[in-house]
Amino acid sequence: MSWNTFGRVFRFTTWGESHGPALGVVVDGCPPGIAVTEADIQPFLDARKPGQSKYTTQRKEADEVRILSGVFEGRTTGTPISLMIENTDQRSKDYSEVAKAYRPGHADYSYDAKYGFRDYRGGGRSSARETAARVAAGAIARLVIPEVTITGWVEAIGSIAMDYGRFDAGEITRNPFFCPDAIAAGEWEQLVDDARKAGSSLGASVACCAEGVPAGWGAPIYAKLDSELAAAMMSINAVKGVEIGDGFAAASATGEANADAMRPAQGGGLDFAANHAGGIAGGISTGQPVTSRIAFKPTSSILTPVETITREGDATEIRTKGRHDPCVGIRGVPVAEAMMALVLADQKLIQRAQCG
Amino acid sequence: MSWNTFGRVFRFTTWGESHGPALGVVVDGCPPGIAVTEADIQPFLDARKPGQSKYTTQRKEADEVRILSGVFEGRTTGTPISLMIENTDQRSKDYSEVAKAYRPGHADYSYDAKYGFRDYRGGGRSSARETAARVAAGAIARLVIPEVTITGWVEAIGSIAMDYGRFDAGEITRNPFFCPDAIAAGEWEQLVDDARKAGSSLGASVACCAEGVPAGWGAPIYAKLDSELAAAMMSINAVKGVEIGDGFAAASATGEANADAMRPAQGGGLDFAANHAGGIAGGISTGQPVTSRIAFKPTSSILTPVETITREGDATEIRTKGRHDPCVGIRGVPVAEAMMALVLADQKLIQRAQCG
Amino acid sequence: MSWNTFGRVFRFTTWGESHGPALGVVVDGCPPGIAVTEADIQPFLDARKPGQSKYTTQRKEADEVRILSGVFEGRTTGTPISLMIENTDQRSKDYSEVAKAYRPGHADYSYDAKYGFRDYRGGGRSSARETAARVAAGAIARLVIPEVTITGWVEAIGSIAMDYGRFDAGEITRNPFFCPDAIAAGEWEQLVDDARKAGSSLGASVACCAEGVPAGWGAPIYAKLDSELAAAMMSINAVKGVEIGDGFAAASATGEANADAMRPAQGGGLDFAANHAGGIAGGISTGQPVTSRIAFKPTSSILTPVETITREGDATEIRTKGRHDPCVGIRGVPVAEAMMALVLADQKLIQRAQCG
Amino acid sequence: MSWNTFGRVFRFTTWGESHGPALGVVVDGCPPGIAVTEADIQPFLDARKPGQSKYTTQRKEADEVRILSGVFEGRTTGTPISLMIENTDQRSKDYSEVAKAYRPGHADYSYDAKYGFRDYRGGGRSSARETAARVAAGAIARLVIPEVTITGWVEAIGSIAMDYGRFDAGEITRNPFFCPDAIAAGEWEQLVDDARKAGSSLGASVACCAEGVPAGWGAPIYAKLDSELAAAMMSINAVKGVEIGDGFAAASATGEANADAMRPAQGGGLDFAANHAGGIAGGISTGQPVTSRIAFKPTSSILTPVETITREGDATEIRTKGRHDPCVGIRGVPVAEAMMALVLADQKLIQRAQCG
């Protein structure tokens, strides 16, 4: 079956297809009394929205969010918050080719195998357009965890990685790649533009960091903070890998190299000598920044013809024309941030449920 | 709060601490009529059980499983299956040091931060001993998906990786490292033994593959097959990274290189030219092998003293003596296999719930 | 927190307030391939809709439903079905009195105690207007269980009960009371009209019956069919009691009088000599009609002044003017039917998940 | 499928059959730091335990509970609490008759219809013996809500009801019927003994009241306090009806008669003039006592032969010999109390999750 709800205490349910009249999300379990208007949500949608630069899909969507319930006199009431975004640029395109043959890498074949049937317009429910609803919900989640600051960025596109020696957080919003390294961002302009013109596509690595998470969030054993983050990130379209802290680098390390020594802090409290663990031990936050890395595969829509089969099982070729992101990882940044916010808001409420 | 249940339709709940009288699992939602005895479960527990070679912890546990409910006349009844494993080797050790100071990398500090209190004997609930319960549940899960064959192996320990050119599945059970490459296994003997003698520890990469999964399993959007696998794997003690298919390698690939072209198969059906996607598209299985890679950090228990703080916040040092795995990733193989089985059993039942 | 989702496999989430711009429901887990249009849903909403006779509230709502997602080319796709109903008659009324003082019997005080805050316009989220969303979801549920026919009716209003000797199912849709006894319906005209004119209100008993439920639906132990029905019915506004089968009458019976003897049926199969159990044994359906009775309290909105307190805790009186149902149980019939359909659809899918 | 977990934040999962080696429960989500030993649980099990008087089944069970996890140094750790009770009196009886034919009123036929198969020894999983696990969990729940006092009693057996004018809470533990009216208890001695001797059985009405519940517990819309209570009570074996407050009596009342007027209390706070609502408005507690009534059907096991069919569908008769409760409602009192405690503990934690 489909399972379109995420979260345990702070829960959200998304709905909508790429080419339906609208998409949306219902956020349930939000604490009451939190000030919120559409203006608190819109900037995050704007950051994700298509058509902002030539490096993303040229579909034009206003992605204007409307609050339909759960807010009264500017504050959350504790009842479900329904958010809706209308689809405005459902270009009347000829989908007959996609309807007939399966695009490799897309969910066309697997949806048909599962449901015997699919909405083939723009990928239907499997379209990354669904992530707009997550971003809207994530904006609410951020209001639930004002003590936390979440920042995401792209650290590599294709084979060109940024240099952490040049990391400048202020740079992230100054280029169309959410890149904290201005020089890498410059190199990516050419790289992504070439891919776009060639009808090719590129993968990307995205990093996401939450600062201000207090020690003690996380719900062992099967809702560990890292387990929830892994589920959240891996549920984003095109994501194929998730790391917490050092991730796969830890697999080749020794215990000595991987130790996060602890010391009394100068003014009281606690300092860590390192953060190999990414701020999580035993599934519970340690008070350090919570860090995650995410791998986005290259967009499966490419101009080069790829062998495939028709719904009837006959051999054919398909090439994906039209509007698409040459590197879907770029617009993945606000989505990854949203998912991290949603997991943390849930864990905060879980924590106070059990531990007061 | 704690959240010790995993799964949506085929669900299991584990309980127990490292040094309590017993640990166990309740499996709920299992289909009726499946033949099962303790003998179907024990071999998987034996594969995970400590003390089998000098490369794992020397704690001696029989890990004998007892079926307490849910099975009648040798068949599952559809009611909850309760499995219990008694702890027999809770060596009466002096835990006063661990009670007083936090072992970096362990859950000592974060559990105290969350609960204000912890069972410090052998890590209590955060001990990897909990994974015995998962392995027992996983054995039941395998019986629910007889069409699927799950195989896990270690592909790297520390900085020494196996060579896939020498992959021999038959080799996996012939060495104490679950390694399909006999030569790498030989090299690891020295490597792990050196680490053990030095009181050091090593990380490891584990791979896990499920063959025979039909197309159509997976529950979009937030219970996608890959999302569930990511949560399942990341919930295993010491895991810091999860990949599906090409994982992070896909992030530096182009769309052309990453395409899994589809062709009509010779005798009918469908062939894929590649499996970069790891058998999952849009969160739903494609019929190809489902593949995942998992990063285990090195065991945090090392003999080298590490700076830390006491419960009162004072500076101190701690070194972890006693029995522990020099490379916790090795015994992670049966656990990873179990988690994959548990996710797939759940998805199989989810699939027939919605799609008949 | 609020918990606005019901169901385990076939799940629905409602949202919306009495005086917000709209209300709606997201139905998740619906099987794919089911033919559905707004025309399949609207008649059920019309049956529940206010202003249909002088015996219900005079609020005028078109209650027109729109399908926003999950349906493609007239068939369900297996993805979430989003249904929206706009509020059109949010009469600009003076709510200052309700904002300041608590209406006894309403959720005013308890919502404030819980959330510290409430949307006081027409009861906000606690308004029975929420049940429109349930009725819309229930229309989808009915399509999932075409083998089942669900019929609800009013069996008593205030102290005047219908006579089962005059039961005529065809009569139910012929009077404004959903009453299968034309004579009782006639008596209720006067009774309800008197109450309406006096600004008084009346309780009611509603019965609901599902025919065609096969034996074997129900999920022991804590999602038993009767347990789920009890939760579903008791969650309806103003409901204070739920019975299955003979209900409280069984409490004064003997085992002999309460036995539902079983016999081979003439043409094969099985006949029951009676249905004291209401079609459920051990939480699982027996193949007999599933029967439930539900008690609705009288509407708490009455013209007679009632002692109460202000938000500040001072003594005052309140009388509820304006539009309201003199007997909320009448419009409870389509809601009870919807809840029964929703529970049965869920149980049908649960059943095939575990038992194939 | 089976669904053996109840609760949302404070959750418990029961397992075990009437004639298996043991039964038990895993309580998850319990706050840490609560003092608990077996001695806190045992008295509640003793109150429920069979064989205490001639008015209950003569099966002899010690029902000794063991804590297997989740408690360290006498306090809960926040990890799952596993409780086990061994079955000691599984009398080696001839079950061949029950295996072959269906006992009307029992779950024999419906379990077979669902699972194709059943553990016929003493009813297997459908046996009321499962409620021992609920009572054990309920004892933990009570410790989570020390502010609440829960009291249950029998108010009617068969057609003889107690007189509320003679209500004396102290009397409840002084007679084997949990009856607060000594005179009624006296009358029931004869009534129940006659039924027992005749191999007949009697239904019963049970009341349950929770004092000390603060205003504000309850989770609209689908986890309303009354909805959760209804589900909890209806999931108890043999229960056929649940009322909150006035229940079905409210259905024949007018709004004026049913109003619970509110007044400022003498020393500050709030007084209610009545409690028709049973302490719940809009699904949320009002601060008044939470009251519920529950109908237990007569035990289906009777000596009088009842027509039934065999597994093969042939006509036969069955009479249930051996040990059984002539009035299952009596031992239902501690079970109803436990379920109320479990629901309230869950709602308390839910409340602080959302509202801090």
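Just so it is clear, A, B, C and D label the chains in written order, and each chain counts residues from 1 on its own.
FYI, a contact is a pair of C-beta atoms (placed from the backbone, for glycine too) under 8 Å apart; a residue touches a chain by one contact, two chains touch by 3 or more.
No experiment lies behind these values; they were computed from the predicted model shown.
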{"item": "Pair of chains joined by more contacts [C-beta pairs], A-D or A-C", "value": "A-C"}
{"item": "Longest centre-to-centre distance from chain D, chain (CA-based)", "value": "A"}
{"item": "Rounded Å distance between chain A and chain C, as computed from the means of their C-alpha atoms", "value": "39"}
{"item": "Mean-CA-position distance for chain B and chain A (Å)", "value": "26"}
{"item": "Whole-Å separation of chain centres (CA-atom averages), chain A against chain D", "value": "46"}
{"item": "Per-residue overlap in chain A, given as positions that touch at least 2 other chains", "value": "1-5, 9, 14, 29, 31-32, 78-79, 114-116, 125, 220, 349-350, 353-355"}
{"item": "Chain B residues within the chain D interface of the complex", "value": "1-5, 9, 11, 13-17, 20-24, 26, 28-29, 31-33, 66, 68-70, 72, 75, 77-82, 84, 114-119, 121, 124-125, 349"}
{"item": "Contacting residues of chain A [partner chain B, same complex]", "value": "1-6, 8, 14, 102, 104-111, 113-116, 125-126, 130, 156, 158-159, 195, 200-205, 214-224, 226-235, 237, 239-248, 250-264, 268-270, 273, 276-278, 280-287, 293, 295-302, 304, 306-309, 313-315, 329, 350-351, 353-355"}
{"item": "Footprint of chain A on chain D - complex, ascending", "value": "9, 29-32, 78-79, 220, 349-350, 352-356"}
